[in-house]
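One chain, chain A, appears in both complexes that follow, with chain B as partner in the first and chain C in the second.
What follows is the complex of A and B.
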């Protein structure tokens, strides 16, 4: 039947770019990295199959400490982003009027129009020793000399939260949008306090959006490179930095590949654990609607 | 402790404005304990705003609301002992039936074993024992309805507000739920305030009905009173079916008013509370079942109204069947007929004579 053929053709045309992208840019590189990570260099241009790279990783505390630190910081960033993003999302979805809602959404999007690099540079202009904040503090007499606010963990976390908060807001707004306001009113009407209504009605309803946002934010944070490096400097000890070092500085592709695989596996484990703890699964969160 | 206590809910000169628009305009009423009170009105008449003020979701611009004699104006919604069944019920989808009902009890700090017992009790009273563990989406429309009521009644409210809760149900179920709601109200012996735009819901279930229009109460009374003795043209037109003519008063005395309709027919009417003066514009209402129909001038009905016409069509609708008669002035008049005997002797095109008593003809001054 011609109708069926047309359907099939359009399916193929639609799927081809996606499949090409998945295979060429996601699947193939990972297979390559996985293969590289399992090779050990025994002599120039002589390689053996072995787990030596993984064993090296375990033997060098600085490596796995960096990985753990990256994971912990990313979890912290995710939690902070949730606390910052949820009230904004709630305001956009439930409090703001219909017209101001679009404007607020747009305002949230504005930072995305500027590249990561420029945004990080903006933070540097504000926070460096000769920067605007330092200058203001001195001018106001709150500080006697220049203050260096870059290159510490707090700055890295603030910068990361700022970079990823939108990815928390959007999924939460979209779940809260579908929530009937009368559910909230019923919560009050039946005797619930503000806290009870938030804890037992609003948050459980928004849970799929919250979990989706957390997954996206955690993955983005753990895999980010520019913000921790620029704002944290040499102290940032971000795992992606180690990967970069292995590949570019030390030209140790085997080691870099191993770290890449480890980062993927470890962050996936964290996400899996998070899903188990919150009683959600991917089908009800990220894949919703 | 005296007569004040006999009323569960009193509203006094209640007013609410949204910008320049007055949604509720100086409404006063009181509802005695244990009665079923309906507020009936077309959509946009302010009835939902009125209910939201009673529940505490809106603050009145003026006036007072008293529950069991105590003003609740400063009381937030979660402290008022007024519970509400929402239009779409607003059952919490992330909780099962038992948790939905237990929610209010937990908010009130009732002990765990006590909660379990009271949830079981209330489910038994609404005739759904043992459904605690079910999810909300496993219930039928009628069951959800009863769970929503049980969720409120388990808290033993002074007043239960119901905001058109039958609107989403299909017709058959709606008819059944009407009777069931009335029975539940008797069983719980709580004051129900029911909001609806469906006059049959209001008439069937209520002890008293307030007809609301444009933010004001047009009339408060028992259903029979509203039907048989409407106080205003709006009530006469909104409650029950009516034939309506607009006309001008020709003559008026203590007993009757003579009206000439726009089509030229002369009708004898019984005036309402206000006797219209000659020359005034009025509206005349006659119920379809008050009109007798007879073929070819056999009608009697001394001292009443007569109208000759031709049968235009027959509308069969069971007990609410109608004959449409086209009068000399080219207007259609609805006349009730008994469906089992059938009109029998007349069909479309036949000449007939309509007759009805002056006492069954109500006239009111035109509005606006």
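What follows is the complex of A and C.
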């Protein structure tokens, strides 16, 4: 009996920080935002309960176009990140020697020690018209005049891929790490080509890592603010920027909360659809033991 | 081994002393919510030296974020804020973020009377004054004389002669400036919001057509400085203080007050509704309005302080930039931002969204 009590106590103690975290930092703020989003301002300091904010969203093409654009570009970033990140992860986990592995991992981590803002400014220095890349191109004779590479969607995507690629590499490395090399050898021994081995053995094994990485990357990208705002051009609007504008420029907290909830629901839907389409589910991938 | 223990001991002793220092004495904290360069270290140090029992905590912000921060707490968390004069009336009416000032606690004799009266007129609600002026400056355009010698007004930003070589900040200033350049008087239309919406729609059309002409929208002073100094942009909408700073590095880049009149703002002192250190706040106001501090402040912010002869208090380099930019007629044409009535921020915000989302160029 006392043994059981002690178990229960330790369970409670272990769970408390997690529960506090979930309730205080995730559940309560979202309830607050959800509540705000259902208030309509009818006059100064007078509010009514209504769905007007959601209806506004549907009636204004600017808003849902921005949301769709953000989602579509985030998916693109996720796919690109997968293509960039997977070979790196594979190299770190399977090809590199024990010692260089740690060093490579560290190299991937280094950019994270610098804040988002500084990294965005770094890209700006590289890509601007009078920047380093443009200067190099002219020096090498590849271009006759200055080249502007900033302020367009391609730059935003490059910047975002750079910012989030690590979150793709880490989960894939950790799944591939657990893979027995003899599986790959067996594949070759049985006459599989490189492609077949990759397609039938390595990718399926790494699937939990890939799915986890994709979900993290997609969510981070759709919710990012600094990179798209700083690198983006005249026409590029990111949904988070809309939320910021609603809250800060227009004093419209109700509208901003609505957008926040919509972003959450929409990105969750995209993740769900992605899982369905790829025939995966959370239990067999992210939460796999 | 012995030495580490000694270090540990002395460290914890030091920590104790620190704790006692912060917790024990009746130290008051003045939490200042202000603009990037409005609380230079030198002034904070001098203030803490004069009032050793007050500790100054500075949070840098801008107009919109100041309001958002105070609104989130109903006016708590800060003891002194510095919003622009046109941002107080509606916000106070709608959210009640500030408390009335006790003018008897402020040395009113130092203020430039015109600015003081202007701010008082703008921020008096039910006979109570909510703000006094601190420093003022203008928005206009900044021009590289060698590359765009004949630029005169807001409209030139959309002149196709400078295609791909101009910039602006997509905020309300450019809406108002463009409206003036098109011959409207947006401030006069504040009383009739329907008419104001019509003006905004025409301004939006103009600025959407203009997108093709613009290289990029700048987002902050540093952003703008690198665009201008690198020569990537030859003309931009700007704050005068940023232009003066750049003039210091390149004398070809000058501030040009638009021919329709530069738009003038006054940043003020206002006390948040739930501020807890009013006395310290009044002390700070009086302290920074003293002549010695005014000089330091002007050097840091590049703006003119609202004391008598504030212009002469500018440091030499900024004064040179000021004189390169202004003629007495320009000063006569100054247009002070009119009080923003409730609802206007929302209309303007929507217009800005429309411009940003349009695929004009």
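Rule of thumb we're sticking to: the second predicted complex is superposed on the first by the 267 of 289 C-alpha atoms of A that agree within 3 Å, B and C clash if a C-alpha of one lies under 4 Å from a C-alpha of the other, contacts with A are read in each partner's own complex, and residues count from 1 in each chain.
By our rule, a contact is a pair of C-beta atoms (placed from the backbone, for glycine too) under 8 Å apart; a residue touches a chain by one contact, two chains touch by 3 or more.
Not measured: the values here are computed from a predicted model.
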Clash or fit, chain B versus chain C on superposed chain A: fit
Touching partner for A:196 - first (chain B), second (chain C), both, neither: first
Chain A: partner with more touched residues, chain B or chain C: C
Which superposed partner A:183 touches (first chain B, second chain C, both, neither): first
Contacts of A:249 with chain B and chain C, given as first, second, both or neither: second
Chain C, chain A and chain B - angle at the middle CA centre, rounded to the nearest 10 degrees: 150
A:205 touches, of chain B and chain C: first, second, both or neither? first
Contacts of A:72 with chain B and chain C, given as first, second, both or neither: neither
Superposed arrangement (fit on chain A Cα atoms) - minimum chain B/chain C Cα distance in Å: 47
On chain A, positions contacted by chain B and by chain C: none
Interfacial residue positions of chain A with respect to chain B in the complex: 180, 182-183, 185-193, 196, 200-201, 204-205, 207
Chain B - residues contacting chain A, complex: 55, 57, 76-79, 82-84, 86-88, 90, 92-94, 103-104, 107-108, 151-152, 155
Residue ranges of chain A in contact with chain C within the complex: 44-45, 62, 65-66, 124, 128-130, 148, 150-151, 229-230, 233-235, 237, 242, 245-253
Residues on chain C engaged by chain A in the complex (per definition of touch): 64-65, 67-68, 71, 91, 93-95, 171, 211, 214-217, 219, 226, 230-232, 342, 345-346, 349-350, 352-354, 356-361
